[in-house]
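Note that chain A is present in both complexes that follow, paired respectively with chain B and with chain C.
Showing the complex of A and B:
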């Protein structure tokens, strides 16, 4: 027996009312025992479709239209549902993206494991329970016996994903298909999970297909890489070759778009964000342009100052104070952002970085502490007229491009809303002119104004958000994970756009991200946050080259680094 | 999602491209229900043109022609297709005019309930706190009282307040208000639920950062995005409102018998049912059942089509 899995000429189609969508075309790939194959591509590339097609779990109305899937020499196509079910549990294991939804919240971990073990191996009763305990121990869960009685909600995200892996291993499969197994997890947990998968692959001589959009994950774990683009395999090769010396143009541009962690670049290379009839990016003469008008040149050194800011959320309400459970989301945060600088806030999920941004933007009211925008205190309630005025200098760009635009308004009206409400122009015709100018400027073209948000892709929507933020003529822009919902090549275009705008308009930026390489490319100074507290504030270069706080060092160690590929350092222990 | 082309789509193209429109034309049940509803509404609206007689014109009514069976039954006369009632009015004409009244009352009552309920629901969901608690507790209390009893109560109070000589003229408005006021908590609950979802979305936060006042955010951003679930409730609510009107009239609490609605016709017929004059009750009842059934089917389809999870 040679290959564990051999896919040849696979075609997958989704017939829809607007014609047949070919999600995968002529895809061929092989997986050997003891090998991790990375299936990488951007959204819509068809990478998940391949994984689902192998185990016959395509979403309706999808179907395999051609080609063959040979698993241990047997054809998997054309099997009936009963046969597929035994293959799925016993011989091919699946790991899905979201550990929240892949476990049944009403059953204990033990019951779910025992159920799967009984179904796949025929062990029963105490034997099955012993096996469940063994599996939990194998995926690195301590005190396995006691944990069997726990429910999924008592586990953290990373622990849950370990349980999902244990479930996938229950039938002692020969192949594991992991679909974005770490996308919902923090970096430190991501590293542990990838490590676990790699170890299991080597120990049990398993074949692993890992489907991901994240080149960093590929660099960490894969032996071979299959690059997909619009349903086709564009390049297959050894991981060092694909990442180090890619042959195909698409692979090259994909790798070029990944933010580098090892040094700062002026901007991302070879990425063009101009579309439709938009004019090439041209500098605005800020003195004469509408965007530059009415800027009172206040001589404040600091754009934003935050003093001893605190905010706690109530986790459990109670009439009695001692029974209340609180979460200190932001704990005594103090920093200041100089005018014209880009200030980064980095941390894992739940570290309070977004909460700080929302307090500065006025969406949350702090429990105590002071926020000053250009020297004006904006944290008092009710907000005074001057505070409201000061806050208008501040706009925010959100993470999710799909919920940050009102689906029932035309793009034109979305962007014009702040202009119309604050009467920033003299007439309606001037408003229209300014809006089409802005849309042009973010690289969309003025015709975009007549359409509705659903007609645009994620990256394009994010540009509409940016245009809307600019329409208030802000001097401070808060970007809360502006690119974490986007594909890597689109991320590069948005980051380039933000850099261009900042330079030309002299914006102050507060840039929040969990992604260290992105932070390094964007920011002048960086604050590292953990559990609501600021651990360290340092110049970007200082932080990356010589971090002083233990936690900063820890985060930097976990960062996947493509430049160290091939050495042992590429896989964090 | 279709890729953006250079030319923005016209309204007609957007309409054709709409998934809901597409789903409508691909579900036979919905099309049939819509056609039946539309036909019945049109027939009632054009009652003065279509009906062979005018039931309000005493010159056309003759007591000698009272209680005649339908035309195909022995003793029936060809000009009275569905027979006549006890006062000698042509059943077909009376049903058309009566249906008109029922539909008008239903639509007006649903509109009243919707405006009231959605306004309170959106305010309740977006403002929150005490406002929310007070509005929703009132709704909860009202929901513990059976709707028809409440409608009878409101209707009774309404009529008692009006001077005697105006009672019959204003009876229809009193019924509309009574049914509308009974309906609103359903709308308020649905609108509040949708508001809670929408208020957490980032476009609402963006509007807050722009500095828009709360009322403008509610009207411009939240209200249009709560419309989908509200429309589903409104369709089913229309069927319920028509039934409520019929029930009120049947119980003698609604529209006076001199102005026929489907409910009053059924009531009048009920008195003669055991004398063998089945057609006075039967035909209005069939009209009511078909109308309500068709509207309900439409509502069912709409609920499925607008629910992204079922698609």
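Showing the complex of A and C:
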């Protein structure tokens, strides 16, 4: 059998002012018809670069510096723009990560499909429209004819990704390159999209390259896997072999770092091979430090109590009440979090889990209901002095480490701000000392204080966020998807840090995530949310072993199967 | 959408009420009109008689109510200087200004958008660099200097175009136009270019910045990956997406064109409302000034209303909701 795509010795360079960055070095891989090849690696590994290099759409100033790309036996390198245009769309289709932004918001789905069909197949007018309808039906969109007239914003994320797939299929290509096609989607939608891709691959005998950082996606869809690390392919092999018995140290580390869904471990497997983020900690002795002084012995009182909380958002404004459209974001939620425990809230996007967190943190005002922090009602406005005091004990860590830090402030000032605001220290020199200690303690080193946030990686920024949260000596931490923007190896180190801090400082944590394995590893008790309502609250182990609510079972079923990873994954030395 | 437009209309009414109050206050704060109307040798009795004719001795509130009533029925009073109804004067002069603004808006849009798209796509070519540096002249030089320079080159030196005035007009009965004859076009060209330069530069730079922004988006990358032609990508996908912010600025600036036309009309002695306004200021001809103020405010309000409605037309996300 001849290969559909054969890449040999591919080098990709990005010339910059500070010298040439080699984004890909000596990369070789093959794709056969009817096969899904997973291209896996962490951010910066060069995996997307390979996809872009194949269709000659590297971001400027990138260029292919060496090697060959044979597609159906023809060399793709050195083609001019016009020739490449007959290959893109016609013979190689591309799917991008974010369906929210991959479609032109001002054109109907139909118009975008028709222009692509006209270009790739030569069909025109009514024929092209009929074909567009057919394509939509094939990717599982019902009432295709009517939907052709809709604009992208009238579709949900999953539906939009189906439209994107239909567009990629419009020219009946032989190869599909899918760049993180499900990263922006919920787990249930992810499963559907992966099924769709796999079905199309089999039915049409397509070759598929799926670029992803997610081992779960690989386990679900890939036939063969290519593992990349820092621009190089470190290992290629059958999916069962790569996930079950990896050879290369990096692959072993990567797989070991994937949180397990099947069993709770004391700590996340830390990854030694992947350097850069975690420096040796010069940790402080918390008991005798400023940071530990606020620690009070565990109280019998619950840390956070939430009673019949409600909040709805206005979707469509109108002067007339009957024309107004409301969304009940949180619907009569009641739970309590004991001091010192980690309480998980899990659910898909739009389930209201972040909204609850924001209400507890005081960022949203509830429509009705009560929130008590250590017995103190904090939900009334204007806040009383005692309520403000109680609220100081509560800090939040946000999902996106890029937008949650002020880019124009030094890290030192970002961390010192809560201390200065609450006047927690006696003098400025003490503040500086405390900030240095905090930065040390979260594994950044005191020198980090003089830099600005953009000089740090995502994982390091999340450490800054943690230091900032600790700076007001909180007793409760609310973590809203703290690691979902991070690579899996970085995720492991951050989650371990959070566990350590909780242990040392006796913190209470409310941990919000859509990622079930992470939730299982982190939490003592878990609330499952859907459409603003809490379906079930259970001990973590009970929930995973014997869920009682139908929706909990449904969520657990959707978890990517990791059987291939083996039950006793070796921990690399 | 209806709710939105009703809300905008209510806001517009408020703006107009405030502006008319300000323009009314001109009558009481800007000098004594009687002095300008009568000669040096007028007797005290003549002055009093004129004051009574104009109703200047009535209480302020009565004067204001009368003023508002008159405005609503299109009566802005008599010009102190020319002694003719102000609304008639404005309507007589309006075609000249509107044609000037229209032609210069077309120039600014056509040239500005074209060059903006070009420089946005071919960012690094030397043509783009030349266009961008030249366009700086448009923003940094004041209108009257550009006007005088153009007169010097094209009227005085090359003698291609007339230096001032509005010739070659054709009277259509309700509208005197200069767009139907060669002479009329020759006359309108220089002032229109002068007036358009600033807006042209602004539109050029805005379209360029927006194009560069849009060209970086995922849907452009995805359109490329589908092998669509460069032309389809640039115009069908990219340009339309730059239009929402561009429309906002253009809307505001057409109002600006009318306001700036005061200077251009003076330089080129163009017989429009701007020139009339400047002359009115010279003679403290308050009825004209007040009417001009109301008229310009009305134009701004109308243009902004049109811009708001255009958003609905251009952007389905606003039109259809989710």
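In the analysis below, the second predicted complex is superposed on the first by the 537 of 573 C-alpha atoms of A that agree within 3 Å, B and C clash if a C-alpha of one lies under 4 Å from a C-alpha of the other, contacts with A are read in each partner's own complex, and residues count from 1 in each chain.
The rule we apply is simple: a contact is a pair of C-beta atoms (placed from the backbone, for glycine too) under 8 Å apart; a residue touches a chain by one contact, two chains touch by 3 or more.
Model, not experiment: these values are computed from the prediction.
In the superposed model, A:406 makes contact with chain B only, not with chain C.
In the superposition on chain A, A:548 makes contact with neither chain B nor chain C.
Once chain A of one complex is fitted onto chain A of the other, the partner contacts of A:421 are limited to chain B, with no touch recorded for chain C. Legend: residue contacts after superposition of the two complexes on their common chain; A:116 is shown touching chain C, with no touch to chain B. By the touch criterion defined above, A:86 reaches chain C but does not reach chain B.
The contact sets of chain A with chain B and with chain C never meet. Residue ranges on chain A touching chain B, taken from their complex, read 17-18, 276-277, 358, 361-363, 388, 391-392, 394-396, 398-400, 403-409, 417-418, 421-422, 447-448, 450-451, 454-457, 460, 465, 468-469, 472. Those residues of chain B that touch chain A in the complex are listed here as 1-2, 4, 6-9, 22, 201-203, 205-212, 216, 220-221, 224-225. Touching chain A in their complex are the following residues of chain C: 3, 217-219, 221-229, 232, 236-237, 240-241, 314-317, 320-322.
Chain A makes touch with chain C in their complex at residues 55, 57, 84-90, 93-94, 96-98, 101-108, 115-116, 119-120, 151, 153-154, 164, 167-168, 170-171, 316-319.
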